Amino acid sequence: MSVTYLEAIREAQAHALRDDPRVFIYGQDVGAFGGAFKATKNLASEFPGRVLDSPISEDAIMGLAVGAAIEGMRPIVEMQFADFSTVGFNQIVNQAATLFWRTNVPCPITVRLPFGGTSGSGPFHSQCMETVYAHYPGLIVLTPATVEDAYSMLLEAVAIDDPVIFCEHKFLYYHLKAERLPSEALPVGKARIAREGRDMTIVAYSAMVHEALEAAKELTPEGWEVEVVDLRSVKPIDTDTVMASVARTGRLLCVGEAWSWGGATAEIIARVVTEGYGLLDAPPQRLNAKDTPVPYHPNLWAAHRPTARAIAAAARKLLRL
Amino acid sequence: MLQTVLEPGTAENAALFRETYLAAYRFMLLARLLDDKFAALWRSGRIHGGVFLGRGQEALSAATGVSLKKGDVFAPLIRDAAGRLAFGETVRDAARTYLGSALGPMRGRDGNVHRGKPREGYLPMISHLGAMISVVNGILLAHRFKKISGTVGVASIGDGATSTGAFHEALNQAAVEKLPLVLVVADNQYAYSTPTARQFACRDLADKAPGYGVEVDSVDGTDLSACLKSIGQAVAHARAGRGPRLVIATLLRLCGHGEHDDAGYIDPQLKTSPIGRDCLKVAEEHLVRQKWADATTLATWRSEVTHEIEEAIAQVQREPAPDPFAEEWRAISSRHLSETHADNEVDPA
Amino acid sequence: MLQTVLEPGTAENAALFRETYLAAYRFMLLARLLDDKFAALWRSGRIHGGVFLGRGQEALSAATGVSLKKGDVFAPLIRDAAGRLAFGETVRDAARTYLGSALGPMRGRDGNVHRGKPREGYLPMISHLGAMISVVNGILLAHRFKKISGTVGVASIGDGATSTGAFHEALNQAAVEKLPLVLVVADNQYAYSTPTARQFACRDLADKAPGYGVEVDSVDGTDLSACLKSIGQAVAHARAGRGPRLVIATLLRLCGHGEHDDAGYIDPQLKTSPIGRDCLKVAEEHLVRQKWADATTLATWRSEVTHEIEEAIAQVQREPAPDPFAEEWRAISSRHLSETHADNEVDPA
Amino acid sequence: MSVTYLEAIREAQAHALRDDPRVFIYGQDVGAFGGAFKATKNLASEFPGRVLDSPISEDAIMGLAVGAAIEGMRPIVEMQFADFSTVGFNQIVNQAATLFWRTNVPCPITVRLPFGGTSGSGPFHSQCMETVYAHYPGLIVLTPATVEDAYSMLLEAVAIDDPVIFCEHKFLYYHLKAERLPSEALPVGKARIAREGRDMTIVAYSAMVHEALEAAKELTPEGWEVEVVDLRSVKPIDTDTVMASVARTGRLLCVGEAWSWGGATAEIIARVVTEGYGLLDAPPQRLNAKDTPVPYHPNLWAAHRPTARAIAAAARKLLRL
């Protein structure tokens, strides 16, 4: 038996619905249809009345989730694509994110954002929105890279008493597989050493972890041992783990699929150099998507986002500095 | 919080209506004098930021507050001092928020009209117009999940807020889910300086209801009796599980948008028209006409209320301001997930 | 682009209507066969991403396209292949966008239904439902500023998109500004898998119009004659400066949301009901009944259109794909203000 | 005669309306009333029919502006407060920002955002939104700190063929004054040395420039000569000017009123260390608002945002490193 990243997300939701009567799911087509990506497949029939189709009203979807959370429920919201959360943006950043701070009432909502680029999806079905959410105080932003994390972090997201932006990468949905669902897991807030190395640290998250791992592999025959840190969450960031890795390797390359300006890569570099300047033997570097919308055509798309090849090239340059 | 009973006829109901009217009037008076006090404090520099009054809208607002009971949900807007008080807010908590007391429900973190106690069904508005309606929906849906029945949610908005996407999405959502929502629109003819002619082109805001499949009632917002009946009916209807209703109240804002605004743009003809009547005066005339109160009683009430306000303000003014050094600068409740980076914590001392 | 004249009666008008009908039918047929072709290309892996068909909606869409003329504005949605062609899009440009040709209007940067030529009044939709309507308003307002009169803008949306805040804000805006907007709602009973009962609670979408103060017409979306009349009238009305109109067309989506979707959720009763009729067949029957065409003619047209499509596709398939190395990776037009940081430009070679 | 920051904004709009028939203004209460802050005072009567009150519909306001821009107009949109642009967010980042890249048709819109903290304004009338807009390709984000820049950069914003997010700081509106409006100006995209120094560089923008200048003054008697760079625009960033300054001083403190995660301060640090690592004699530092919503109470507010005192303290620390 094997389980995909997408199935792990479905299973985590089934688990949460089973264990906690306060959990319900709300979003477009999540009911009988099982969601645009089938992440809620069969849940409506397994949990009658607890998986509700919403109108095409992202603002009201998020507002409703906040109200339900105030009243002690633990809503899971599915945005059909992360890109559409821009029309629910206000309720996320100004209603959900401020509630606890203003009133001391926690706001336990999980917002599932199917995000990130896939070939042929174009500017409005490919976006990475972790940056804009992470900028706002009051939100937790998770970016699982593995099947195991998709499962365990989603379960933990539902249990967390704050609004969690759960960025699940569409590129990983179908082809990322694991043998089984995990029974233990690193807690949210801890990064993971995805690969140990000695010569440099690549910090990545979500789909980019896999590109980074492939790049690391590509560099092995050249004699380089590259460490890959999987951030797992971009807010909070486990700066300690990143710093410890950089302390070992002396070199840092940050990779993000999001746009460069103010992205997680800038944030990590800022943290490492302000707090651990002496650890570096060479200037830190970052690699991001190009500063244009995400292109539709596969050829353009492959050049727009960082790939294993581009990461390896950037790493080689940095290793030579 | 008093529940109105509105079936006319019986002597019992007549007595209950009188009682409700009197209670609502007291909240109107309290709100008016409290608002006046806030305005005075603002003019003397004692209140930071804006002060937003409900002058001319107290009848509608008080009617809303008294129509609700414990367990219900109320999302007031800026002109709802009366409704807030009627729903159970204390003068002290209102003053604490305006004056930034650390002991208030917002602890100085938020101010003026941005106050509430969400766990008590009293929602603290965010500023974005229309945004509270779907939050009320969420609480009502949660009640359904929790098998709590017979509760009602009221959201207040202005004529201007009907132009927001949030209003539209939320009203539609309530209709689809058949939630016990009463959406009260105070059509006070202006959104800040913008007259309704630049805000919408429908003949009447009530014409919006059929487009959502919700019921609607229109009411003279200057007449407390009418407001009590209209809101009371809408609430009773929702409480009975008969779905959402829109209430459109016509009235005039008898003040600036905020106290900084002299409202010179308001059409003088509106001021002298029936919708320009002061609902507080109208209510007082009604009290006298019905012999529910005479001039002496009214004067006594006024001085009682003034006294209550002065006392509360005096107390709140002695309360501590929030202390930035004692503040926990943390926006999430999960302590173990909150982070403060060294670089962001340069000691200002 | 043909303009319909719809006052009945005169022989001249009858002839014009026939001509318009025939033209519209041709666009319907072209769209249907082109859609089929795209579906086939997608199934064989030649098209990346999604393919979204207008099957069952061609009558409404073609009627929209033929009702407009040069200088007008059209913001089509996903099911508007017919209207796009009728508004002047070439089969080649449609294919170029689906196949990602560098020579297409979107140059491989955007794909499938996200195509247009804004400077020609043909707006390329962004995916966010409802978002194009206010853009049409902006063009129409610009026409007013530029003293261009007699132009009309049409925006298409689905039943599901009526739940968006964007729809509400934009329709209200058009009404306030009295813009010559025709907003065509294709109520095809589903938004993706969601039936209208989970989308709205109004008795009829037409009930929304009075709430905006706009006129409304309802039409059988399976009947090309009816669509030509309804859209033609709405356009004529707007062109004459009489403000916005909402047109609600009832029909059924005769395909999946996209080609990946087998649409198993569609109520079988709807399929056999009158709204489940295939508008293309209905139009063909009308053509034959009116003796405007016989079976042979229809077959000839079909093979002409097939040929036209095959030729265009064959050509486009020989066109170059966009070259990432030749691409200018720059999102703003002000060259002097665009920046590429060295760290973002690590040479992948 | 003297002119305030706010008057400069009014004058720039009057100038633009006068010179260019394609310019019009659209926003809530901008007409006869002259806007919530009076930034469009008298413009409706001076330019009849060209200053239009909008409904409370930020999404439609922005959509309309895009349409008008397509048709060759040059709309100026006033958001009543920057905070409310969250409900027009989608049209800004997905419609306006992508138009040129997708279609080759420029989108010349100026979106005026009265932004930033003032005492007693609270969480929803104080926000800094430059970060979230700067993250998106396709937008230009200006942050004038002086009366002169408010004027000249707004004029230039209207002339630029791309969507410009014009962040005008409410704290500067009334009390920042200049003798006269400028006749010459640095172009958009160039930073300005607001104060020359030798010992360290403080990079700031908008209201923080004034706090930084005051901090620099505070440090003079202690023997420190602090250079202050006024960024003027956060997208594009004039990295060259920043680097040249750091090359002279060897020390960098970035100050932003926005939240820290992914803010302009992170972005600048990332640029400086990736491209000019060798220039630094000490780790770069940043100072931002605390990671909570902006508080209402003046006492809290003053502690929430960076002030001259806090900047001076941070600078002292850094000078000792």
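Chains here go by letter, A, B, C and D, matching the order in which they are written, and residues are numbered from 1 within each.
Here, contacts are C-beta pairs under 8 Å (C-beta built on N, C-alpha and C of every residue); 3 or more make two chains touch, one makes a residue touch a chain.
It should be emphasised that the depicted structure is a prediction, and the values quoted were computed from it without experimental measurement.
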{"item": "Label of the chain whose CA centroid is most distant from the centroid of chain B", "value": "C"}
{"item": "Chain A and chain B: spacing of chain centres that average the CA atoms, whole Å", "value": "40"}
{"item": "Mean-CA-position distance for chain C and chain A (Å)", "value": "35"}
{"item": "Where chain A and chain D are represented by their mean Cα positions, the distance between them in whole Å", "value": "30"}
{"item": "Multi-partner residues of chain B (each touching 2 or more other chains)", "value": "106, 109-110, 114, 126, 128, 163-166, 169, 172, 176, 198-200, 330-331, 339, 341, 343"}
{"item": "Multi-partner residues of chain D (at least 2 other chains)", "value": "54-55, 57, 59, 83, 86-87, 90, 94, 97-98, 101-102, 123-124, 137-138, 270, 274-275, 285-286, 291-293"}
{"item": "Arrangement of touching chains [line / ring / star / complete / other]", "value": "complete"}
{"item": "Chain A-facing residues of chain B, complex", "value": "105-106, 109-110, 114, 116-119, 123-124, 126, 128, 131-143, 145-146, 165-166, 169-170, 172-173, 176, 330-334, 336-339, 341-343"}
{"item": "Chain A-touching residues of chain D, taken from the complex the two chains share", "value": "59, 83, 86-87, 89-90, 93-94, 97-98, 101-102, 123-124, 131-132, 134-138, 235, 258-259, 261-267, 269-270, 273-275, 277-278, 280, 282-286, 291-293"}
{"item": "Complex contacts: residues of chain A adjacent to chain B", "value": "22, 24, 50, 54-55, 57-73, 75, 87, 90-91, 94-95, 97-103, 105-107, 137-140, 160-162, 188-189, 236-237, 239, 270-271, 274-275"}
{"item": "Touching residues on chain A, where the partner in the complex is chain C", "value": "28-29, 31-33, 36, 53-57, 59, 81, 83-84, 86-87, 119-125, 260, 285-288, 290-293, 295-300, 302-304, 307, 309-310, 313-314, 317"}
{"item": "Chain B to chain D touching residues, read off their complex", "value": "47-50, 100, 106, 108-112, 114, 126-129, 160-161, 163-166, 191-194, 198-200, 265, 321-325, 327, 329-331, 339-341, 343-344, 346-349"}
